[in-house]
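Both of the next two complexes hold chain A, though its partner changes from chain B to chain C.
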Partner chain A sequence: MSVAKRTFDAVIVGAGGAGLRAALQLSEAGLKTAVLTKVFPTRSHTVAAQGGVAASLGNSTEDNWHWHMYDTVKGSDWLGDQDAIEFMCRKANEVVVELEHYGMPFDRTDNGKIYQRPFGGHSQNYGQAPVSRSCAAADRTGHAMLHALYQRNVRANTQFFVEWMALDLIRDADGDVLGVTALEMETGEVCIFHAKATIFATGGAGRIYYSSTNAFINTGDGVGMAARAGIPLEDMEFWQFHPTGVAGAGVLITEGVRGEGGILRNASGERFMERYAPNLKDLASRDVVSRAMTTEINEGRGCGPDKDYVLLDITHLAPETIMKRLPGIREISIQFAGVDPIKEPIPVVPTCHYQMGGIPTNYKGQVVVPKDGEPNSPVAGFYAAGECACASVHGANRLGTNSLLDLLVFGKSAGETVVEDIAVGNLSLKPLPADAADASLARIARLEGQTNGESVHEVGLAMRRTMQKHAGVFRFDGLLKEGVTAILEVAERAQRTEIKDKSKVWNTARVEALELDNLIEVAKATMISAEARKESRGAHVRDDAPDTPEFPNGRNDNEWLKHTLWYRDGNRLDYKPVTLKPLSHDVDPIALAKRTY
Partner chain B sequence: MTKRTVQFKIYRYDPDRDEKPYMQDISVELEASDKKLLDALVRLKAKDDSLSFRRSCREGVCGSDAMNINGKNGLACLTDIDKVAQPIVLRPLPGLPVIRDLIVDMTQFFKQYHSIKPYLINNDPPPERERLQSPDDREELNGLYECILCACCSTSCPSFWWNPDKFVGPAGLLAAYRFLADTRDQATNERLDNLEDPYRLFRCHSIMNCVDVCPKSLNPTRAIGKIKDMMVARAV
Partner chain C sequence: MTIDRKRVLWQCRRALLELDLVLARFLERDFDRLDEETLADLEDLLRCEDHELWAMVNGSAPCAKERWRGVLGLLRQS
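Showing the complex of A and B:
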């Protein structure tokens, strides 16, 4: 079967924050660029980010990037690479100011500067006191950012392929990346996008869990495509459970609520975070707060008839503050929790929110894999940024507001690297292998011909329930071991999914089946990597790795201060060192220490 | 809320199979946790995977799942299933070509949005730091920048139905005023010139369907009025 082909200098997959920021770099450099996106760009999940983007502008409280770097390394439980973290924190002011210049409607201080609010884990002077570092547009920062970035791309005449779903990565015999195959949803046609450079900005896969703040579209497409193409996935055991998802609905309530003074309370009304994080209290790191909440619920101090949630209380804040700084939260609470937070506290539970791991990259946005003894050898023609990538700046736990920063800094950086690589002639349009589209066509043909299979809905549900039960906020050795067996069984079932609808035009059944192929890779990587890591670190906390004098917080730096690499082929695990050295010679490394807030 | 069955009448059309569209009577049993119309649609799709609709964030910020619900445009994810009269009649957004089932071709809608130059225009060299804007000036953008481009407003506007190629429509005009109202933008005259035309702006007859349906409680009619005021002020 012949497949149509389009040729570009660069193809970007995904039009959320990272993809749009990268696209700007390429469009403004005059490169012929295609941006493929499953949904119209402003529908990407960046739109749902609420509380802000981190930058040490110091508009309200004294701040500098060294403090931000320290907080990020500590937040990552020292699993983040310090070169990439230094790069991100140093670049923060530049990319946030650029965004303001693009027209982003940030809130303002009285003297007209960008408004900043406190956020979890961000501090002044190396952990001493909370700092206002989160640059915010009310509680709609992601929406304001995504629209501003899209608008700037309209100005730059970026070429979008809207409602196209990328299917598979194309690599040649050298392992170089030559583009992707993609499905046009409106016609059902498959096309090859042949390019010198391919940037993945496909977001996370939070939909592997039953209870998730994530949009339906967050199916880890880039991560799944990379895994199928033989690229290892890094640190996939680390998933962030956001402390405040609306109980029952999963919809996100920003940490900015606590930044504005919100307090978590248990059934007796106690501000329980004072016991778990005496210094930063409700503004401790997300993993810490989520575990504290889960402990309160597990020990019988939860609220409601089933004692299965805690309360987020802002009734003591002035109604004007809520209306001005948290208007979206009020809407969400009324819509999804049935409470007006001006009068009543909001029922919340920890909810799967963010994928810390992903496609391994360096700070330039190049995808890197172990090769010939070098753990971080770039894959020619392949770049990634944002939640699908692992630079790694978030390590074992991401700080709130660092995700929007990540996608700006590394979206831009990946774009700059591609522009430079093309300018100096590092990248050329290599000939496509004859079988470039075969894997994608086979996946579609399998769905066409499948009989007696299970529905995508059933198998997807089995996956989400398995992940929720076996790899949640707290992890247990026995459950993880069973989880590996269980998820591999689900993966077998995923190979036999059947869709009843075989039509061509806008076949969302087919799209959902193809998405499940990606989700299941992420689910396997998560469970297998988690089972293998026999320590507690950041968001990965196991019952058999408790807090002891020898291993503070259960962390074992002697054996486990290393990045996991999961290979799809044979579910093989490998490891690579954490970069403890910052990028610049004159910046001191952040020394290993026990994490307390 | 307990388990209950909900009755639907849904507009169905698959160009591969159907000569013409038809209304399908269908019901679905809901779980206690299902609260929104979108929850019910997801359950319906598990039963019949050929039912096609757009959806993403399920919390009213991405603008994907706009549709016509019992004759009124809205977002499925923000519609309480138990507050809607049954059978719930679902149709695609009116006035745009239907591709399949509840999925419309939004090309014309976005074309109008793009036509107003929806980006900040400021030709001064960018300063090292942020451009300053007072809190009061920033406040002028509230009620404007929150638009999610769901198209509920434009596709409920009779003027947009008659002239989708010539009338910018409420969503596009709201965006136009969002930039006119921004103290950082320098293209006021250019923007007003762009709209000074019998159709682009002045086809708005203040019917206010847009205000009635906006799921974000925005007020395009007021924004359009302000643009008209700016036109008048410029003329005198």
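Showing the complex of A and C:
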């Protein structure tokens, strides 16, 4: 079957912050650049980022990138690669100032500089005192960033293919990447995007969990495509959770609610945090609160018919206080939990928020895989940036405001590397293999022809419930082992999904089935990687790896100071060393230590 | 389902989870019985930026265009 073909210097999949920043670098260098996106660029999930972008500008308090680097390494629980972290922290000021020049409306100080505010985990002088490092545009930083980058791309003649879904990565016999296949939703046609360079910037896959703060578009398309093409996925056991998402919906209830006096209660109405954190109680740190909530639910003290959530109670606060200080929360509670928090407590559960792992890359944005004894060998023609990639700067746990920085720095870096690789002749337009589109066409044909199959909705639900129960915020060996069996069963079902609507034009059912193909790869990688890692580190906390003098916080550097690599083929696991050496010779490594705040 | 209707269905995929959830409930309850005029109003409303749309849905901002009033009312009930 013949498939239409379009040819570019570079094709970028995803038009959130990372994709737009990468595209800008390429288009401004005069390269013919295509950006494929499922939704209009300014409707990407980067819009939801509120907190800000970290940069040691030192506008509000004294600061420098060495301190930022220390905070990021410590935040990562030493799983982050120190060369990439140094690169990111050193580049932060440059990319933020560039964004300012693109017209990003940052908040300002009285003397006109970018205003900076403090954020959790960021410090002065190696943990001595809080620092003001976050640059924000009110509570719409991500939104403002996307607009600034989109406008600049339009000016630079980036070609956008809006409402196109990339389907599969194209590799040749050498393993080089030659582009992607993609589906145009308006016509239902499959097309080949043939390019010298392919950059994935598809965001995270938070929708693998039942309770997730992620929008519906976050289906890990790039991560799934990479896995199907034989690229291993790195550190997929590490997911950041927020303790209080509305049960069944996922919408975040800010920490401010507990700051105003909100109390967490179990089914018998007990203020259970008194048992877990006698001093700080409900104001203990995110991970402590999340673990306590999970323990209550796992031990049968959860609320509701399925005993699967706890309650956040603010009914003891004066209604005027709630109306005045927490109006948005009252609205969210009424809208998504169906309860007025003035009268009834809000059902909440720990909720998946951010994917630390992803497609393995180096600080240049090149996708790297083990080859011939070299753990980080670049895959020719393939690059990735943002949440879908694992550079790895977040390691086992991401600091707030480092995600927007990640996508700016590594979006730009991937773009720069492509420009350079093309300029020196490292990249050319290699001939397409004859079967370039076959895998994608076969997937679509399978969906067309499937009878007596499984419902996409039901299989998706089974995946999300399995992940939530077996690989949630607090992990148990038995549950993880059962989880591996359970998720592999769900993956079998995902191969038999059936859609009733077989039409071509705007067939959203087909898109959702293809998205599930991507999500299920991420789910398998997460469960299998988590089961295998027998320590606690950062966001991966196991009940059987507690805090002991020998293993502080349950972390076991002797055996587990290494990155996980999961291969789809045979669900094989491999490991590679963490880069503990910074990029520059004159920068000292951040020595291993217990992570305490 | 007509092609127009299917196109609008995809426009309901948003950047913010809050809107995805409200729109999903609305689609399940009301979408099939929307007349052509209301469908056109919905498509126009969906051209809004996500934060503006969410503010109108949750009532923290007023309805900015008269033709959106009807469909916004339906979304607020979702």
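Throughout what follows, the second predicted complex is superposed on the first by the 491 of 597 C-alpha atoms of A that agree within 3 Å, B and C clash if a C-alpha of one lies under 4 Å from a C-alpha of the other, contacts with A are read in each partner's own complex, and residues count from 1 in each chain.
One rule holds in what follows: a contact is a pair of C-beta atoms (placed from the backbone, for glycine too) under 8 Å apart; a residue touches a chain by one contact, two chains touch by 3 or more.
No experiment lies behind these values; they were computed from the predicted model shown.
Colleague: Classify the contacts of A:505 with the two partner chains as first (chain B alone), second (chain C alone), both, or neither.
Modeller: Both partners, chain B and chain C.
Colleague: Quick check for you: in the superposed arrangement, does A:155 touch first (chain B), second (chain C), both or neither?
Modeller: Touch partner of A:155: chain B, not chain C.
Colleague: Looking at A:68 after the superposition, I want to know if it touches chain B, chain C, both of them or none. Which is it: first, second, both, neither?
Modeller: After superposing on A, A:68 lies clear of both chain B and chain C.
Colleague: Just checking: does A:100 make contact with chain B only, chain C only, both, or neither of them? Give me first, second, both or neither.
Modeller: In the superposition, A:100 contacts chain B only.
Colleague: Which partner does A:144 reach: the first (chain B), the second (chain C), both, or neither?
Modeller: A:144: touches chain B, not chain C.
Colleague: Using the superposition described at the top, list the residues of chain A that contact chain B and also contact chain C.
Modeller: The answer is residues 39, 42-45, 47-48, 140, 143, 186, 215-217, 249, 251, 328, 331-332, 335-336, 505-508 of chain A.
Colleague: Under the touch definition given earlier, write down the residues of chain A that touch chain B in their complex.
Modeller: Touch residues, chain A against chain B: 39-40, 42-45, 47-48, 57, 97-98, 100-103, 105-114, 137, 140, 143-144, 147-148, 151-152, 154-155, 186, 215-217, 248-249, 251-252, 328, 331-332, 335-336, 455-457, 499-501, 503-509, 512.
Colleague: Enumerate the contact residues on chain B facing chain A in the complex.
Modeller: It comes out as residues 14-17, 33, 35, 45-46, 48-50, 52-64, 78, 99-101, 103, 106, 110, 114, 117-120, 122, 126, 128-135, 137-138, 141, 145-146, 148-149, 179, 182, 184-185.
Colleague: Quick check on the complex: what are the chain C residues that touch chain A?
Modeller: Per the touch definition, chain C meets chain A at residues 3, 6-7, 9-10, 13-22, 24, 49-51, 58-60.
Colleague: What does chain A use to touch chain C in their complex?
Modeller: Result: residues 38-39, 42-48, 140, 143, 163, 185-186, 212-217, 249-251, 327-328, 331-332, 335-336, 505-508, 511 of chain A touch chain C.
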